[in-house]
Amino acid sequence: MINVGIIGAAGYIGGELLRLLLPHPQAEVTKVYSASQQGRRVDSVHPNLRGHTPLTFTDPADLDSHDVVFIAVAHGKAAEYVTSLGPDAPCVIDLTADFRLRDPEAYRRYYGDAHPAADLTADFTPGLPERHREQLRTADRISVPGCMATAATLALRPLAAAGLIRPDVLIDAKIGSSGSGSSATTTNLHAERSGAMRVFAPHGHRHEAEVAQETGLRVRMAATGVEAVRGAQVLCHCTTEPGVGEQDLRRAYRAAYQDEPFVRIVAQRRGLYRLPEPKLLIGSNYCDVGFSLDPDSDRLVAIGALDNLVKGGAGNAVQCLNIRMGWPERTGLEFVGLHPI
Amino acid sequence: MINVGIIGAAGYIGGELLRLLLPHPQAEVTKVYSASQQGRRVDSVHPNLRGHTPLTFTDPADLDSHDVVFIAVAHGKAAEYVTSLGPDAPCVIDLTADFRLRDPEAYRRYYGDAHPAADLTADFTPGLPERHREQLRTADRISVPGCMATAATLALRPLAAAGLIRPDVLIDAKIGSSGSGSSATTTNLHAERSGAMRVFAPHGHRHEAEVAQETGLRVRMAATGVEAVRGAQVLCHCTTEPGVGEQDLRRAYRAAYQDEPFVRIVAQRRGLYRLPEPKLLIGSNYCDVGFSLDPDSDRLVAIGALDNLVKGGAGNAVQCLNIRMGWPERTGLEFVGLHPI
Amino acid sequence: MINVGIIGAAGYIGGELLRLLLPHPQAEVTKVYSASQQGRRVDSVHPNLRGHTPLTFTDPADLDSHDVVFIAVAHGKAAEYVTSLGPDAPCVIDLTADFRLRDPEAYRRYYGDAHPAADLTADFTPGLPERHREQLRTADRISVPGCMATAATLALRPLAAAGLIRPDVLIDAKIGSSGSGSSATTTNLHAERSGAMRVFAPHGHRHEAEVAQETGLRVRMAATGVEAVRGAQVLCHCTTEPGVGEQDLRRAYRAAYQDEPFVRIVAQRRGLYRLPEPKLLIGSNYCDVGFSLDPDSDRLVAIGALDNLVKGGAGNAVQCLNIRMGWPERTGLEFVGLHPI
Amino acid sequence: MINVGIIGAAGYIGGELLRLLLPHPQAEVTKVYSASQQGRRVDSVHPNLRGHTPLTFTDPADLDSHDVVFIAVAHGKAAEYVTSLGPDAPCVIDLTADFRLRDPEAYRRYYGDAHPAADLTADFTPGLPERHREQLRTADRISVPGCMATAATLALRPLAAAGLIRPDVLIDAKIGSSGSGSSATTTNLHAERSGAMRVFAPHGHRHEAEVAQETGLRVRMAATGVEAVRGAQVLCHCTTEPGVGEQDLRRAYRAAYQDEPFVRIVAQRRGLYRLPEPKLLIGSNYCDVGFSLDPDSDRLVAIGALDNLVKGGAGNAVQCLNIRMGWPERTGLEFVGLHPI
């Protein structure tokens, strides 16, 4: 049993970490930290946890010693905590964007400021088990990628690695409202966000830099908020290299994912759910990937879908924890997903 | 052409007043006031009005002289404006709760404070055309009722007036998120409010006092927020007096509403939309009323449905304006409603 | 390990049974039956189960021998299967309405026909663990109650049993679209059902007979379809007996539910989720119950909420199975529920 | 006053035609035809029209003589009606896909069959006022384009015509459930379609052929169904020609649309609704177009949004009628749109 602390536990990602870790057989969440909610009961902020925890939020200034610390604060704030934890601190799993980009120049371009602690970035292993599992087994600093970045990287990486697609890719991403966090802003009001098709990032979404880093492709990403609380889906518009057929694509995906516990290949000819769709994945740690190749041309659409708070965040972080600790990778992540929902 | 001003024009009710009054052939909105949005373009707050107005918001402290002033501020604030306008001011149409309850004791009970200007209440005519049309023709102070109160009063009043039902009525009300206004609060966040069935008033909803006042019944009202932006529906659980049959009920409704431009009787035996349903009424000024009488008992359910921002607010106010000015009552209120939606 | 069969496994309740039983450590689903989908893969109908089962649907005419048979067919059809299974058949858990009402007269009144196999009804134990746990331990015929009936019975029964409320109760129920099943009808079309507040049963909903049977109260129930796929909530409008206060109510609920694994008491003074709300329960086997007593009168609203397909159907059935088999009652039902959703 | 008939009036597009034409001051809908609903009251199928029409549906075999006939039947069926009406028939406005593609080869490729009446196609003028207004003034055969095709053509055509973009364009389209029509299929069930992000056409959506035809561009279109009943939005991913800046783009749009009654340019730097969004347009005849140019590259996203049943169908058809008859173009199409919704 390891002793876990969560900094930023009052947000939506923090709540998902709690949902997954409270019943986890090998981890005990001993303290949860929130600057804004200190003193309140955890289940008053995350009411789904009623009956599952007596914890209250603690001021992050009173950070205890933990075997593993998860950080789920606002982007830009994790660097402070990592710095103050110091190099001897135990395992840190960061869910913010702070240590995702290895290139400080890319950070500056996408986040608008110089990196607050650029020298620490090299310590972090990207928290993407499907690509960095071996390093994760011994990593003490893990940086969990962005939700849409995870979906797109998983959809594109096997094709890029096998040389099946040309290097320019356009990603059209859709995401639910929980991706905007739990702050009370007009943007996130029900009456304003309901039924939206809101192009909040017509170009240069920050996650495109992560996809480029992980796949080596030249990536453009546009992102639109659609009516959903959870769920993200990416359509990756690619061009295949000459001679590439459907079987090559399927083989590349199978080679990459046949032993993966949380990636399924969904690319059927028929059926309502023949391609990846996030609504089936709500609450689960799956990322479904699939594709459709135009029979008359070299046009390929590769698709990824996931729950942005689970495989796109907290679930992926728990999967990294399981790997790091040598536990079975599915531990605590068994939820299958619902239909209908 | 009359000269109209709107105080509190940046809220959702204010936006609906603008939507209805900007194209109104007899009224010109010359100035709109908002304490919080002064200086901003109206169409940056109400983006549906792009291309329909060059107006910007003005500080309410700089109130011009207008033929008619609409007040759509927070509850409790209208009394200040009415007091400062003085008794010689022109026609005032108030959409807040401040002058709805004639009994100061009821006001105190339901709003928790002494009335800020109780002596002015007697000047106000309730803005419910179906009940007070004659007084509205000459009224210079009009108080538009609450959205659920309007639906329930229209569903119940003909039955109460005809002595067809017993005096105790239980109202179960459902309402969309726009009824909570445009303030950015956690309560109204999309992720929290989406898919909600939120019993925000298990008893004593403020609108029950209005229904009691207008119908003479003893009314209990429970209110639940459900997934919708617009729309309110009331189920009024009644007991019929001995011997009352379906034809008596239908006759009472017909007598009350056969000449009404904005009340339809919807009480069919069959069909998907056989009873009143707000989704068909979004954007329209209709209140649909209907009923279902248990064939085996004296149990009656009377139902009312409307768009809470239109017949439950701004549309009703414009109907009152039309009556007050002697214009055709449907002017500016012709929108039929959409299906599907 | 017991051998389980599911008749009617292609519907929404059937799909939930599969979701819960496929990973169940003590039960093996060996065959699933569907008259309409025979030959198709289970995961083509229930796509959330991809990667979790290789099963295909079998014609119910080819029913194998099973230790336990679940029946989730259309109402009226279960009686045929139970009859043909014969009295020596193993444990049967029926999720249809066929054996819920002990009084054949009530059945005729609510279902419109004479009962197809009235003599078999006495063999069935109601599948409501909170009320019939002891009989369920040895029951070989279990009839799982209706979703709204379960919510209402759990909200009302402790109060009725303790003599805290008067016998006349009015229930206002709200339910999501999955309650209508998976048939393709105009009623259930997205464009028609979206945003609905559809009073499909203004009186005499069939579940009211079940609540009356289980609580001894005189029950009226009105039911409205609201915008949601899963979830049901009941507002039970009661009158307290003289002298009954909030502490009496709380005590009665605590006495009834303090050791129950799947009933939580949610009745707080403050907070967004201070009363039971189904959206927090999606996918979980919880039924949350709560209440609000009018401080100025004897008016009480008791509230129950659940996921209509889980505690209102398949989850409750699995809980009954666990009890019947002597397994820990939470087995396979550990999912906590999501927030936000 | 002209005499109008509508063939296929029971579908969603037919219902919108009725909503717009029943109050139209110059047109009288004298008969409405439906093969499936003959004999039923119009307002039983389109319940928003209660109180606005006493019409019932007639068998299309009993087609009367009309000044103008609208056709809103299933794709492939309009050709039969046009053929049987004969060349001397009065004005025909067809809302199906049958006469949209001038190239029979393109028709065969996208619709899978030889055109049922290819020789008649040349008689049809595309019903896109912004591009074909002059021909529409005298046209007796008008073919209204597809909803997503209209949005994309209006977003792209000014840029293509001015030579500002390169010829290869990728369109990512999102659409609500009403675009699938009113047939009761599993695909369109609320429980299946709710919250969907359904990639129903990863390539080769039929509307891409229309956009290519109207703009001269090489167009790829992917289409995804999202949670909404009404509304369509296209993101057109383009590359600008060298030296093209934001002002060039804005100027091209202004030149094209400054006098257009139903196209607004929405391309602001800030604000929640800074880019086109269909939810503001529900029920209105607007198509909002806008764009965002990446400041660091030649990447351009042009965006179009509309209500698929109005400017994407019935409203556009009425606008064509107004032009054809020499009436003011806004007649009957004045509805502004709602906010919030």
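Labels A, B, C and D are assigned to the chains in the order they are written; within every chain, residues are numbered from 1.
What we mean here is this: contacts are C-beta pairs under 8 Å (C-beta built on N, C-alpha and C of every residue); 3 or more make two chains touch, one makes a residue touch a chain.
If you're wondering where the values come from, they're calculated on a predicted model, not measured in any experiment.
Asks: Farthest chain from subunit C, comparing Cα centres?
Replies: With centres defined by C-alpha atoms, farthest from subunit C sits D.
Asks: With respect to inter-chain C-beta contacts, which pair, A-D or B-D, contains the greater number?
Replies: A-D is joined by more C-beta pairs in contact.
Asks: Round to the nearest whole Å and give the separation of the Cα centres of subunit B and subunit D.
Replies: Using C-alpha averages as centres, the distance is 35 Å.
Asks: Indicate the whole-number Å distance between the mean C-alpha point of subunit C and the mean C-alpha point of subunit D.
Replies: A distance of 45 Å separates the two centres.
Asks: Provide the C-alpha centroid distance between subunit A and subunit D, rounded to the nearest whole angstrom.
Replies: Distance between chain centres, rounded to whole Å: 38 Å.
Asks: Provide the list of subunit B residues touching at least two other chains, using ranges where the numbers run on.
Replies: 12, 178, 182, 186, 191-192, 194-195, 229, 272, 340-341
Asks: Name the graph shape formed by the protein chains and their touching pairs; answer line, ring, star, complete or other.
Replies: The chain contacts form a complete graph, every chain touching every other.
Asks: Within the complex, which stretch of subunit A touches subunit C?
Replies: So the residues of subunit A in touch with subunit C come to 12, 15, 19, 22-23, 44, 46-52, 178, 182, 229-230, 264, 266, 271-273, 280, 282-284, 288, 334-341.
Asks: Given the complex with subunit C, which residues does subunit D contribute to the contact?
Replies: Of all residues in subunit D, those touching subunit C are 12, 177-178, 182, 184-186, 188-195, 229.
Asks: Could you list, by residue number, the parts of subunit C that touch subunit B in their complex?
Replies: These residues of subunit C touch subunit B: 170, 172, 174, 186-187, 191-192, 194-199, 202-204, 220, 222, 224, 226-228, 231, 233, 235, 237, 272, 275, 277-279, 292, 294, 296-297, 299, 301, 303, 305, 340-341.
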